[in-house]
Each structure stands twice: as C-alpha cells, then as structure tokens.
Amino acid sequence: MHMPRFDVYVPQDLNDALSFLDERGEEAIPLAGGTDLLTLIRAGVVKPKILLDLWPLRKNLSYIRREGGYVRIGALTTVDEVLANYLFRDSRYLGFIDAARGLGPTFLRSIATIGGNVATGHPLSDMAILLLALKAEVKFVSRHGERRVSIDEIYLDKRKIDRRPNELIAEVAFREKPMSSSTAVLKIDRRRGHSMGYVVSASYMALEGDVITDVGIAFDSLGKPYPGRAYRTEEFLIGRRFSEDTIAESSKVLELEMTRLSDYRAPAEYRLSLSKTLLKKCLLLVSQRIKEELMHG
Amino acid sequence: MAEYRDYVVKLTVNGVTYIVSVKPYERLIDVLRYKLGLTSVKEGCGRGECGACVVILNGKVVPSCLTLAIRTNGAEVQTLEGLAPEGKLHAVQKALIEVHGIQCGFCIPGFAIAIKHLVDNNSNPTDEEIKEALDGYLCRCGSYSMLIEAARLTAKYVSEGRRYFDLRECLGE
Amino acid sequence: MTTYEYYRIVEEVFEKYMGRPTVFVGKKITKWDEVAKVTGKALFTADFLKLYKDVVWVHSVRTKYSHALIKNIDVSEAVNVPGVIRVLTARDIPGVNDVGYVIPDQPLLAERKVRYIGDIVALIVSKDPYSASEAAEKVFVDYEPLPVYIDPEEIVDLMTIEEKAHSLIHDERGSDVVAHVKIRVGDFSKALREASVVVENKYRTPMQEHAYIEPEAALAVPEPDGGITVIASTQCPFDARRAIARVLGLTQNKVRVIAPFIGGGFGGKEDVVNEVGAKAALATYYTGRPAIALHTREESFIGHSKRHPMTAWYRHAAKKTGEIVLVEANILLDTGAYASLGPFVAWRATVHSVGPYKVPNARIDTLAVYTNTVYSGAFRGFGNPQVHFAVERQMDILAEELSMDPVELRLKNILRAGDRTIHGQLLSVGHGVGLEDCVRRVIELSNWYEKRRLYSNQNEPVKRGIGIALMWHGNSIGVEGADYSSVSIIINRDGTITFRTGLTEMGQGSLWGLVLIAAEILGVPPSYFRVEIPDTSSAPDSGPTVASRSTVMGGNATVVAAYKLKKRLSELAGSFLNCDPSDVVIEAPKVYCREDPSKEVMWREVVEEALWLGVPLQEYGFYRATRAEWHEETGTGAPYITYTFGAVVSEVAVDTETGQVWVERAYTAYDIGRVINPIGAEFHAVGGYVQGMGYALMEEVVHSKEGCVYNNNLSTYYIPTIRDAPQIAVAFIESGYRQGPLGAKGLGEPSIVAVAPSIANAVSHATGVQFTEIPLTPHRVFIELEKRKRRL
C-alpha cells in the first residue's frame, strides 16, 4: 500500500544537490536506492520534510575504478554493478561477491547502493562490514570541499553517522591489497535465501608465506549498535603464523572485545559463539582463496 | 496541508508510451496498477521483500514498490502483460503452464519476469544460477521446485529460438 | 437416520469406477486458471479497483495497547483532515458489532476494551489512501492499561489445567478458558502398571503466520436497492456474507459476496474476511460509494489469525514389545485475544492427539485459552500439526528407550483396516486405510534402513540424519458444523457447461478436480467447462472452503449432479437412438450406442433436443456428510467421516558449529483414496512440505511482553525461499474410500501435518539430542548441542 506523502527535490547535478543541501540540509534527507529509507518512511519511523533525490547523480557517482593505488567505488554504485564488475573477480576482492550475493533479495540489488549501505548506520550492512575489514575511507563532499574519513570513525550510534547536514557521501575507497591476500564475508541465519544474519562477519588477510602481514576483522556489532572492527583481534593476529591454533586463540581475544545483545531472534551467548565460529570460518576461507590463487594464479 | 507538485513523467511500458502526472511520493507500482491498469504487478509487501511487484526497468529487475515514479521519466518498463504479443505466450509462460507450477498465482508475475530476465541474459543457466536469480522471490504455496523446472524449460525454448508460442496450441485447441 | 438418495449415488459411482481406467480423472490436464494467471489477466481483489470510480479508502486505526480499557475516543480532529469523509467508531455500526466466528466475542470496532495489538478503534473513510492514514494520527484514545498476558501458562497451569487468578481478558465471559475437550478411554492406572517403558516430555510449537503473498483485501460496491456487493479475498464467501449482513443489519439476500482469485489462504482467509469485508461494506453503507479496505503486510501480520501455539505435556507408556498401552496429555492452545476457530481447533487437536495408532487407554485434556497475543484460528492442519509434533517425537523417543527402529515401533502400533480408532470408530475396509502402504513406500523411496545405519556414526562437524513421521487427518469438519456442500452444473444451449460452486480457488486446484469428476461422469471433456468465480448470488451455498473438504464434499456434490444429468440425458438419447439408456455412451462431441456405435448423434443435438422436449439441462448437486458423533465426556464416537493417512521421511544436515539445519531430501506418501487431480495433489504434497519445513525450522511470530509483534514483515518473519526448498519425492496410495467421489479423500491440510516431526526426528537422529520444541532455529539447536557436550 501507498507511501506516506513527502516532497522530493530532484537536482540537476552534484553542484545543484550540494547547494540544495547547503540551504536545506537540516531538513532534507538524501535518497539513494531507497531500499532502506523508503521502508523507514513507510513505517513512520522517519517523517521527512523533503527528500533529495540522488539518482540523477548516478551519471557521476556510479563507478568502480582503480586509481592511484586505490580502488574507488562511487557512492551511487549499485550492488548489481559490483557483482558485474570484473574487478571483484580478482581473488583478493571475492568478499564483495560474498557480500553482494547475500544482500537482500536479488531484485533489490539493482537499486541498493554502496553509499546507502555505508550511510544507513545499521549493524546489518554487509557492504559496510566488508569495507570496514578493508579499512576503507569514506569521502564526504559539500559545497565547501571534501573530507575523507576512515570508515570506522563515521559510526556514532544506531542509524547515526558522522555526516554534516550539507554533505553527501561521494565515494568509498580502499588501498589496493597485496597479491597474497583475500577477503570473505559470511552471514548465518535460519534460511539460505534472503536473510539478515544473526551475525555478519568479514575478514581481510594478507599472508607472506604463512605469516599474517595485514588483517582486518569486522562484524555487524562488537557491542555498539553499528558495525565495527575487532581491533584487538586484528592486533593479536598480525605478525603471527596462520594456523588452526592461531585462529583458535584469536577467537578468545575476540571474546574479550565483543559484547553481544540478546533479542527476539537469538540470545547473546549464541551470537557470541557464532561470531567466534564465523571468525574462524572467514579466515579459513580467506586463506583458502589465497592458496587457490597461488596455485592457479 | 502541504501541496505537492505534479511531475510529468513519460515512460514506455510494454512498448506503449504514456505521459502521466505523478506526485513525488507515488511509486512505480501505483502508476502501473492504478493509472495504467497493469494489475499483473502485485503488491505483496510494499517493502522489497517478496518480489511480486518486480518489473523490468531499463533492462534490470526492480521492485516497483520501492521505485519512485518520478525516477522513471524516459524509462522503458516491461510487465507480465507485455511479455508476448496478443494471442501468443512467451516461452516462460508456456513453461509455467507446462510444468504446472501455478498455484494461487499471486507470486507468478514476479517469477515470470525474473525468469524472463534471467534467460534474456543467460540462455543456458545452471541450477545454481537459476536459484541465484530467483533468490528472495517468495512463493508461499511452495511451488519452488516447479518454478526451477519452468526456468530450465524456458531456457531450453529460448535457446532453441522458440520465444513465442501460439496460445491456442498451448491449450491444445 | 434418513438415508438420502445422494449416499446411494456416491457409492454406486464409487463401485462403477473402482479399479477402472478413467479418461479425465487422475490426468494432468491444464487447469482452468493457469492461462489467466500466467498472462497477468487473472483479477485478484485489489485489482478490481481499476474497474471502479470514486472509490473511498478505509483505513483502520489500531490500538496502541494490547490490553486496556477504553475511556474515550476523540475523532473530532481526524474528521477535519482534508480528504476525510467520515470517521467511524463502534457507535456507528448499524447492526451487531461482532465478527467472531465460533462465538460472538470479537467486536469489529473496539468499544469498551482492547485485547490485542490489532484491535481497531476507529475507521477512517477518505477519498484517498494518503489522507486516511494521516488522519489516523489525529484519532485520540484514552486508555487505561491492564496487565498484558502473552503466555498461556499465565492463564492456566499446564499440569493441573486449573485457571490461574489473573485480570480477565474476557471479563464478560467470566473465564479465559474458551474450550476444554477431553478423551477418557480405558483404565489408565491399570495401563501404567502393565507398562515397562514410560516416556514423558513437555513440547512447544510456535505461532505460525500464513504469510500468503496477497494481503487481505475487500472492495464493497453499492447496489441500487440498498444492498451491497463485496468482492473479497475469502475462502468462505457465505460465512463472510452472513457476518457482513449482521454487522450492517441487512438481510443476507442484500449482501452479495464474490470471491475472485485468492492469493493464498491456508486457512487464514476465513474469519478475518468477516472483519475486512465488514469494514469496506460499512464505508459503502455510509458513503454510497465503492470502498476499498486493503491490509498492508504489517497489518496482515498483526491483524489476522495465526496457527495456535501449543504447550503440551505428553506421557506414553508401552510394553517391552513396543505395544502402546497408554497415552496421556495436557494440551494448552493459545488462542490469543479472540476465539476465532479456537474451540474447533482444540477439538480437532484432541481427536488426533494420539496419532494414527491403536491405543487402548487414553486421557487427554485440551484447553484453548485467551491471551493478549494476536488471535489464532484456522491454519492448514488446524491443531493437528501441533499434536503430531508431540506424538511423533514421543514415538521416536519411545523407540530409543525400547532400542527399536522408529519404523518398527510404528508398524507395531499403526491403524489398519478393521481396527478401531481411539474414539471407538471402526475403520472398515470401505474407509481405505492405507497407512501401512504409505510407510512401506517412503521406507523404500528413502532407502531408510541403509541411511539410518549410515548416519548413525558420524564425526564430521556437519551431521546427517533421517527421520520419519506418520499422520492421520479427519476429513471435512466433523461435528464442527453443518457439513454440506453443493455445486450446480448448467449445460448451455451450445453444449458448453457452466460450473458453479461456492467453494473457492486458492491455487489448490480442487475446483479443477470437481470439473474432472463432472467431465468423467458426464463424458464431456473439461475443455467444455467454464468454472465461474464463486458468487453468493449465483452459486449455491457450498459451505466453507476449509478442512480439506473441497474434493471430498464438493466432489460428492459434483458426483450427484453429474450422475443425475447423465442419467436424464442418457434416457433422452436412448429414446431417439433406439437403445437402452444404460447402453448410451456420451463422448462429447459424440453420443452413441455401445452395442451399435453407428447409432450416433451429436452432443449438441442431444442438448437441443432436451430443450425442446423439456428435459432440464441444469442440475444442483447437494451432499451432506453422514452425521458425526462425539460424546463429550469420553471423547468417543465417530468424529469424522473418514481419515487421510500418510507418512513422511526427511533427511537433514546439521551444522554442529552453527546449529543450522538444512533439509536435503524428503519423501512423502499419502493415502488419499484416489487421485482426482494429480496437479493439485502434487501441489499439496510439495507445498505442504515446504510450509511444514518453515514451521519446523524458521517460522515463529514473537510478541514483546507488551504484546507487540516483533517480526511483522517478510524480512524478519522467515518463510522458506527457493534456496531452502529440498527435493521432495511424492507418492500416493489409492485405497479407495467408498463414500468419497470416485473413492477420493482430502489432502490440503494433511500435507503439512507430519512434516515438522519428521524433520525434528531427523535432527535428533543426526545429533543424538531429543528436541522438544520447534522451530529448530540455529540457536536452539546449537544451545542444546552445547548442553549435551557439557553433560558428556
């Protein structure tokens, strides 16, 4: 059934959009794919005065490119576009395929954007969790310039990110990863198809021989109501030899820095156990991907 | 109460171009169902969770319940009504009848569109690719196994170059 | 008891076709609705909106509390919202403010108190949907909150079955126990002494949501004489008509209900249509304009009946040999805020509470109680999936105690022809009791013994298991109500046939089964038939489309009508073909004499001749089931006309690291007497399995302690997706039921009954943990596995 009524500003281009935000940013809400925002509006949780339609900005802000040692993804790139991009067939970035294939029902992926996923600030944001593991940075733009912030610094509270009212997210970018590295995202729930996940886990790991030279571990939540990185676990892993024992020990470290909440879907104790299991499964998958690449390269 | 301005949207649906006036909050599904009378597009949830409202928009499958109508200016839309010329059935329609996969039928428009879209882009999908393409479309009557079979059969027909079938023949008349 | 002619006709037709090849029955023939549905032309209720102008929208303003007294309702601001035409409250109801189904306990619009989060306090009638929902925020209600109960064990003690002291939800009734159904058979203390094994456990099953993809909808249209036509997504057009007429204070002939294609029902589109239809009709009544009431998905979750959650304590006692000597149970069904069909559900649960076994002694007490949760009512299986979960788990646990194979234990105890049910009902050969054949078939299909052995010793983190469950399910409605059905068959002047019934099409294909029956008997191919959409103004009252009764009850009515027409037309054709009527063969487009096929005439000519000679070309077929019998104090008698039997085997994989369970393969065999429409039969076997799998593994409506529903959408309430549905092998046994149409029985509900226990049994087999609660979500499985690890 119908949406509640709202107004929309349709900008000509990015400049127009930013000028609009400069003036009316306090009361306007940017609308990307709308897969998250429109459902909140429908539920009456968000009552917008006016929406800023970002779709016209796709001409400029939907791209995936390698540039200056970075992989750059335009904020309005859709999940489908990620799935279709050859870059993510690179074994280092297979985590994107995991995340995209698991994101919502198939038909949502044609409109759900990467920028929207990062900006929702909801724990269950698969792309954002992967980008956390990749230590990506988020580029905010306004009429007055741009600001690059490490993605782990933008989350403030549930559905609240550190975005100024006159800013838009224009891009997320991460440094190209070394050859002997890979990524993985795992999400576990009651059903195989379209699911939210009791726990969503993403890992990035680089190996030299069997030594872990770089690692990023992220979850839908470490205790706060938004996604985050497991810094202590990362610290523990770095420089160690990759082995079953190391993983087993790292899960003990994870336990120290993670608090889980109970809700109607699952109790905290289960979520915690599952997080440890997924940490292990994710790292094993990453190492397997690295090995396969070395073998078939 | 605030007045909301009208936007004029020109869109082509099933090959016919329409000019409609829409409010900013109206969704594509509202336009298709209530302004153009294309009621094959079903509303099962209005929240992007069921797939019953899915149409092909500029070559992509989208949930029409989460697509604002103002975004469809200049767009090309395809719904179940437009899959085949009058008197004909598209391969996917023929296949759905042949495997007897239609129970209540409320989910069928979404599945038919999804299968058509899949086969347009991949005329020889594996079972895994079929499941991937149909992931998240819900059929509460539980016809999934028949729907997979229908997708296989559609692909077979299309790869044999048999895209349309005579409706009367299908009925054995 | 009077024996009506129709009983004789049904048996005569049964005998004629028993073991004989058929032309249409049992054949896969494209259903009447397939082309309309696949081309997008089939109209569902909300689609009719495009055919009407000036339609008003009806929006339900629902309560903010799930248990409270209403002190005052102020709609003065809401009325002034631009676009709003009227705001209706309980005081505006011209007739009776009640939409209850079994008992009159459910107001359409709350007046004195609210009892659950879906209760409606006012209706906004508006010229567009937007202002309707905006005005809803301007309805102000003063509530006096009362304690909220979401657990039936707060109302009744499970072990003593005594009602506890609490703030009554239905104070006007003086008790929150809606129904108490019993079985008292044999001498149970003696039985306990004889037993060598006793198994007792507490079981829990969840509240399940129908989650049909089409939410509830009704469109009311004014008629010139003050009557109202309501197009509604309903399984029971005649029940809806009765309820709507009562709310509006109109006679039934002034209300016309049309049931177009229905986007899934599964029992959920029974009583809620009383409410939705009445809401639309009320708006039309006051505005004189067409009115539409559409539920959003979220409203559908909180605003229509569910499957009753069950808490049950079961005790089974058996001899060393495996013979069951006693079943005892206390069964608590949470019917939520209103009775809906709860009393009938409690009764059906009780009737089937010992499973399809010979049980000499039993003591069963089933209580349906009110709580402040969303009300529960009819849902495919109707109480039976709940008790089968408990009974079939008990059987496996018993087998383990006795060190017997679960199949062997069951074969020792199952009902066979000549046995008596727990109620003392004799299952004569004429019932067709093919349960043993079902068991043998699934055992063979699944390679049971081999896999059972193979899966018993595994050390991998992913463990496999195989489980079986049996079931029985009484056909039609038994003592729940007047059990009749009817159809009319009208032969048109061009030889085509119009087929009408008040039974509805929800995708199950049973109306097509009726056409196949009529075609078979008449000798006129199904392509000559046109099924008309059920319409209370043209179709005969056929009773509700529930309880797996369409094929059996509608089928018998069809047999009767087709038989009579056939007889009349054979006599007519015989007279001018010069052959004995019994020799006349109708094979439209031809009609000829069996002895001398050269004596031939066209079907159309016979029809034309009938008009000239005054032989009626239309027939009304009516059938009422033989009266059910039930003695309340003992739970004995003959509760149902007959029973469908079946067996289901499931194979699962359990990831012991995450607790996830996947069904990999399933095998089902049902004895449905005779397969009438194989397409529909397969739909049920497969669709019932998938829905049952959801029940076993993922589905559960959860309320907060304030009585709100946490998971009120299809992202958070999980139903199986295409990735979850397993391969399902389907087999049918056709033992033939003498009083069924060509021997047929029902399958709609039976197809879900044994699924969850078969899966749970498989999970227990895989893990060695005895599960007693569904859904078997990953966390439940994982936590039980951890507990077991700690114990070992």
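A, B and C label the chains in the order they appear, each numbered from 1.
Methods note: contacts are C-beta pairs under 8 Å (C-beta built on N, C-alpha and C of every residue); 3 or more make two chains touch, one makes a residue touch a chain.
Note that the coordinates shown come from a computational prediction; the quantities given were computed from them, not determined experimentally.
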- prompt: What topology does the chain touch graph have (line, ring, star, complete, other)?
  reply: complete
Query: So which one's got more C-beta contacts, A-B or B-C?
result: B-C
Query: Using CA atom averages as chain centres, what separation in Å is found between chain A and chain C?
result: 44
- prompt: Rounded to the nearest whole Å, what is the centre-to-centre distance of chain B and chain C, using the mean of the C-alpha atoms as each centre?
  reply: 30
Query: Which parts of chain B, given as residue numbers and ranges, touch two or more other chains?
result: 25, 43, 46-47, 49-50, 134-137
Message: Which positions in chain A are in touch with at least two other chains?
response: 1-2, 4-5, 193-194
- request: Spell out, as numbers or ranges, the residues of chain C touching 2 or more other chains.
  value: 130, 296, 715, 720-723
Chain C partner contacts - residues on chain B that touch it in the complex: 1, 25, 33-34, 37-40, 42-47, 49-50, 52, 79-81, 84, 89, 93, 96-97, 100, 102-109, 112, 131, 134-148, 167, 170-173
- prompt: Along chain C, where are the residues that touch chain A in the complex?
  reply: 129-130, 133-134, 294, 296, 298, 657-660, 662, 697-698, 702, 704, 710-711, 715-716, 718, 720-724, 775, 777-779, 782-783, 786
Query: Once bound in the complex, which stretches of chain C touch chain B?
result: 28, 30-31, 33-35, 37-44, 46-47, 49-50, 81-82, 130, 210-215, 261-266, 296-297, 506-509, 527, 679, 682-683, 686-691, 713-715, 719-723, 725, 727-728
Field: In the complex, chain B residues that touch chain A
entry: 2, 4-5, 7, 23-27, 30, 43, 46-51, 54, 57, 60-63, 66-68, 70-71, 110, 114, 132-137
Message: Going by the contact rule set out above, which residues of chain A touch chain C in the complex?
response: 1-2, 4-5, 43, 188-196, 198, 263-267, 269-270, 273-274, 277, 281
